[in-house]
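The letters A, B, C and D name the chains in turn, as written, and every chain counts its residues from 1.
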Amino acid sequence: MSDIQQSIIIRTIVRIMIPFILLFSLYVIMHGASGPGGGFQGGVIFGAGIILYAMIYGIEEAKKKISDKANRILASGGLVLYAGTGLLAILFGGMFLEYGVIPLMPTTAYTAKILIDVVEIGIGMTVLAVMISLFFDISPPETEEDMHIHEEVE
Amino acid sequence: MTFDIITNNLPALTVIIPLIAGFLTPIIGWINRKLCWYHVMLTMFIVFLITASNLLTVINTGTIHYQFGGWAPPFGIEYVIDLLNGFVCIIIAFIGLMVSIYSKESIKKELPGKTIPYYSIYLLLVTGLMGMTITGDIFNFYVFLEISSLTAYALIAIGDRKDGIVASFNYLIMGTVAASFILLGIGYLYAVTGTLNMADMQNILPTIYDNKVVLAALAFFMAGFSIKVGLFPLHTWLPDAYTHAPSTSSALIAGLMTKVGAYAMIRFMFGVFTPAFVIDMTRMTEILTWAAALAIIVGSVLAIAQSDMKRMLAYSSVSQIGYILLGVGLANVIGMQGGLLHILNHAVMKSALFLVAGAIFYRTGIRNIHQFKGLGKRMPVTTTVFLIAGLSMIGVPGTVGFTSKWYLVLGSMEAGMWIFVLIILASSLLNLAYFWRVFDNIWFGHPHEVEKIKRDEAPLSMLIPMVILAGLCIFFGIFAYYPLHYILEPLSNMLLGIGVLP
Amino acid sequence: MVTDNIQSITPVLAVLVSAIASVLILAFGRYPNIREGWTFVAAFIKFGLVLSMLPLILAGKTITYTLVEILPNIPITFKVDAFGELFAITASFLWILTTAYSIGYMRSLKEHAQTRYYFCFAIALSSAIGIAYSANLVTLFLFYEMLTISTYPLVAHIETKEAIDAGRKYLVYLMGSGVALLFSTILVYYYTGTTDFAFSGIAGLALIPKATLAFLFVMFMIGCAKAGFMPLHSWLPAAMIAPTPVSALLHAVAVVTAGVFTAVRIILYIFGVELMKSSGLWLYMAYFVSITIILASIYALSQNNLKKRLAYSTVSQLSYIVLGALLITPHGITGGMLHMPYHAFMKITLFMCAGALIVTAKKENISEMNGIARQMPITMIAFTIGALGMIGMPPAGGYVTKWYLLLGAAELDQMILVGVLLISAVLNAAYFFPVVYIAFFKEPDHELKYNEAPMFMLVPIVITAIISISFGVWPDAPGFFYDIVSIAVANVTGGI
Amino acid sequence: MAGIIDIVYAEYNYWIYVTLMMIGFYAMIAKKNLIKKVIGANIFQTAIFLFYISLSDIKGGTEPILLHGETSTHAADIIYTNPVPHVLILTAIVVSVSTTALALALIIRIYEEYGSIEEDVILAARRKLNPEFSEYARQSEVDSQ
């Protein structure tokens, strides 16, 4: 562990910060339909929160919170959610992603807003999962054994 | 009623079905790994049916327009299926289907433990290619281009071979340059026209053809696509990538990636810019023909020098791409038909050849041509498929290679470019040289040892797609009339601006 | 002369028979008797089908059948006319004999890969009949290439390095010339919009510039490298490495005959008599083939290997046929066309005799054949008959054709060509008589016992020898080759 | 001379983007270190993003968002910047990130296999491992000279 990782100040601040980061990301995701924001940005912020956690507490710790399998399901599920919403429009006789045709809410615009939110959530899920798994995959291995292999190669 | 819902949305479903299926693959694989193959095959089959239906609709009733989310162009993203991309789409879906059937056993042996990511990426690659082909929006095109490129890099690197990773990285760098050029070109065109819709752009561009920005955009597009298709001086990524990728990936990528690249080139030249601009004003087509002619010769010559089967096929791809672009660049109806027909022909032949290379590798672990002795006895069906596909590449009449060659030569005569006639004919002799070397090794040379060799054919799931593709090599060699008459002739007229849009 | 046209699928069947048989041969590869049985059955059916069309042809009709249109305006069409029928009868009849001979030869020598051998043989025959019945250049080109590819495994059959090299040479020459043929085919299509053979040539060709026409003609003739014109002949002696029945196939049944057939087709049915005459191309080409006639004979003189000597003799004799077509008078064309089946029968006799010598006496070189006739009298008598035919002496048929050729040359006042024909006859005698002399009159080096080749080989030899004599004794037998040729000549010369 | 300076100054955004792009392009081609190649690619792509962004800017324009209380008639008076390039670039950035991630993942694998991320070392290692390859490598060296 590096000095930074051991620093009590940083560890405490990160611990306090992360819930707010994640909450903010959820806000950004849900705000996508009516203002600046959306699934991409929110997902990245969420992912950044987890990555921050992983940087300070170690990847193994982070993987306990959000495992590879969970990542995979989030990534796939998010896209299925997004495309599924689009397909729902088709089932109600519209074009792909033509939200207005779904009789969910009294007005078309309102329906569209709700469904765009659903889509944004889907996108957010995928983006956060992909961001996190990218970080996990690319970051150097931490266990003793892995390190050993690397030294050999060098 | 329900039927209507599906038929109305077929253009969108062409892209969305493989996309969703691609992301469902991990979930299905999580339930049971073996289901993945059935899932992928079924998806590809459905996609194939959809593309077939799209093509039939286009032939019967004309171009299909599909507006995403009900937003009308030029503001919304529009999918447009005309003869050109209907034709390319069905090729993508068909080759995708064949390779997916084939991959069952091949993946088990070559990529154990990577089944799920492989199939997932596979479907995403198909999504990317489909999207590139079908979209009528120039930026949407870029996004799908990147999807297909990224998945292709991944499919090449997924194998265990060390060289595959390096090849994939080199491809990635080249591909990024290409994609960036294309992105830049898109930016330039957007800057001068203010639209991203291809049809809209084609209407606006003629008024500003004297603008240097338009010219620069064309140059960027051509440079970018030349890298993507592996046109001769820019082909350096191609041989390594094809050689070191896993068998199924090579078959898919060699069969489709460059074809779709060629499609994109055609689409941009004739569907975004106008024929008048690329043919007469900038003479881009003329430059293209010379580059293509060079590619034909150099690709064939380099193929002769190879001893690795897949590498040889890769160089042969460089030369075959030259055929397609030569035909397009000739810019007359006959040459254009030849070039377009060669998209189909080359996809069928080259996929078959790469599948054969994979099957041989699967059974024997051999890649070097000089070690092929006695294979004719050991794997009779596989080698027969190789014979048929190889003869097609040479251009023997009765196979697909002949029909496109016929049109290309006729087109060159029509254009008065006798040198190209010479080049095309010479290249068929060069093709003969490198394919016959393999035939010789497969069937001749060890008369006495051969008797002892036992039959050891590839599994059925690998044989079926190979045999179907070989059958198509002959089918379209004899019945080339149908694609030509129903699709390519009106299409060539349409592209060159002769006659009315259907 | 008006010819009625009949639609019938018979020509297609005639082509397909051996293709179907080839599949059966492959399927029954493990049972030699059944496999060769299929070859025989197919050979007889094929000959029957070909023969069944003869009465219609003799009645002055033609038979066509369009199989499929591969490219718009480019159909695969079969058309049986007198000239095609001439080649088809020759090839399909000789296939029966070659099959019998092959069985004897291959079994005696215990050759390997016999299934592949019979398979390729059957495909080659399909192609040959396909060439004979092609109605246009594209169809012809299709079968022309098929013939090249299917005979390659036969040439390289023994699979030694030498054989493979010979096979490569064969392939490079023939595929290379195939490219020239393709090029000229496309050129014809480009200029005239059709590639159909017509009795008076393709009309549109008369309109193209003279230089282009000459170029086109040269390309066509390069395309007919199968006919063994002199600078492009060297594949033929090299291919002698193949088993003898294959040589017989190459020289008599299919390959070179297909080459000259194609050359004559192009000269008479694409360019046409009128165009050849008006453009003067016939004379240049006639001088050109004369060189081949003389040079090849001189080469033949220097060969000690019997098969190679025969190969050069073929090169020389083939040019007779082309020369005949170039002597654009009815007599000349008759001589040329008639020489095609005559040469086929006589040359196959010679080759089968050479093969019998290899199998029975294990002798390939002429210098080793002292007194061989004492061992194999029937074979050597048959050989002598064939040799007489080649030289142009009765009783074999050669003198008939040579007579017509001389007549044609004389009618045109081309005394040089007359001289060429006479010199070549002398040269032919010079290289055939020593063989006969050595075989019959030289004292053998050691005691030779009577020991003929197996029946399977001997019977075909005798049959071809007898037919060769019949050409000379009764050339104008009704319904025989002469009748067919006269119809073909009437077709191309407009019934003069 | 003043004219040239004016031209450069008036359209300085384009000059910046072209300069950046060339720097990136140079790095992609000339650098032997694979990571540097990837950095080059990123600079290249970022340059293009900058080009798009600067394209959409209008002097005195504001962000194209309808704020509460503004009616659509009112909105017509305000000059908005063009939002489309921003949206496009958002997508392009995602693409660029994916490419970079994939490239880095590949580099890690290359490093694991060859123990180096220097192109020369990898080329030498490949040549040693794979005799077939040597011919090709020699050829490409000749090309580069």
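In this text, a contact is a pair of C-beta atoms (placed from the backbone, for glycine too) under 8 Å apart; a residue touches a chain by one contact, two chains touch by 3 or more.
Please read all numbers here as calculations on a predicted model, not as lab measurements.
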Legend entry - B-D or A-D, whichever has more C-beta pairs in contact: B-D
Legend entry - Intercentroid distance (Cα basis), chain D paired with chain C, Å: 68
Inset, instruction - For chain B and chain D, let me know how many angstrom lie between their CA-based centres, rounded off. - result: 27
Legend entry - Centroid distance [mean C-alpha coordinates] between chain C and chain A, Å: 78
Legend entry - Geometric centre distance via CA averages, chain D-chain A, whole Å: 25
Legend entry - Chains touching one another, given as label pairs in label order: A-B, A-D, B-C, B-D
Inset, instruction - Show which residues of chain C lie in contact with chain B when the two form their complex. - result: 68-72, 74, 76, 112-113, 116, 138, 141-142, 145-146, 149, 153, 156, 158-159, 164, 167-168, 171, 175-176, 179, 182-183, 186-187, 189-190
Inset, instruction - Using the touch definition up top, name the residues of chain A that touch chain D in the complex. - result: 35-36, 40, 134, 137-138, 149-150, 153-154
Legend entry - Interfacial residue positions of chain B with respect to chain C in the complex: 391, 394, 396-398, 403, 405-407, 409-410, 413-414, 421, 425-426, 428-429, 432, 436, 440, 443-448, 450-451, 477-481, 484-485, 489
Legend entry - Touching residues on chain B, where the partner in the complex is chain A: 4-6, 8-9, 12-13, 16, 19-20, 23-27, 30, 66-70
Legend entry - Residues of chain A defined as touching chain B within the complex: 69, 72-73, 75-77, 79-80, 83-84, 86-87, 89-91, 93-100
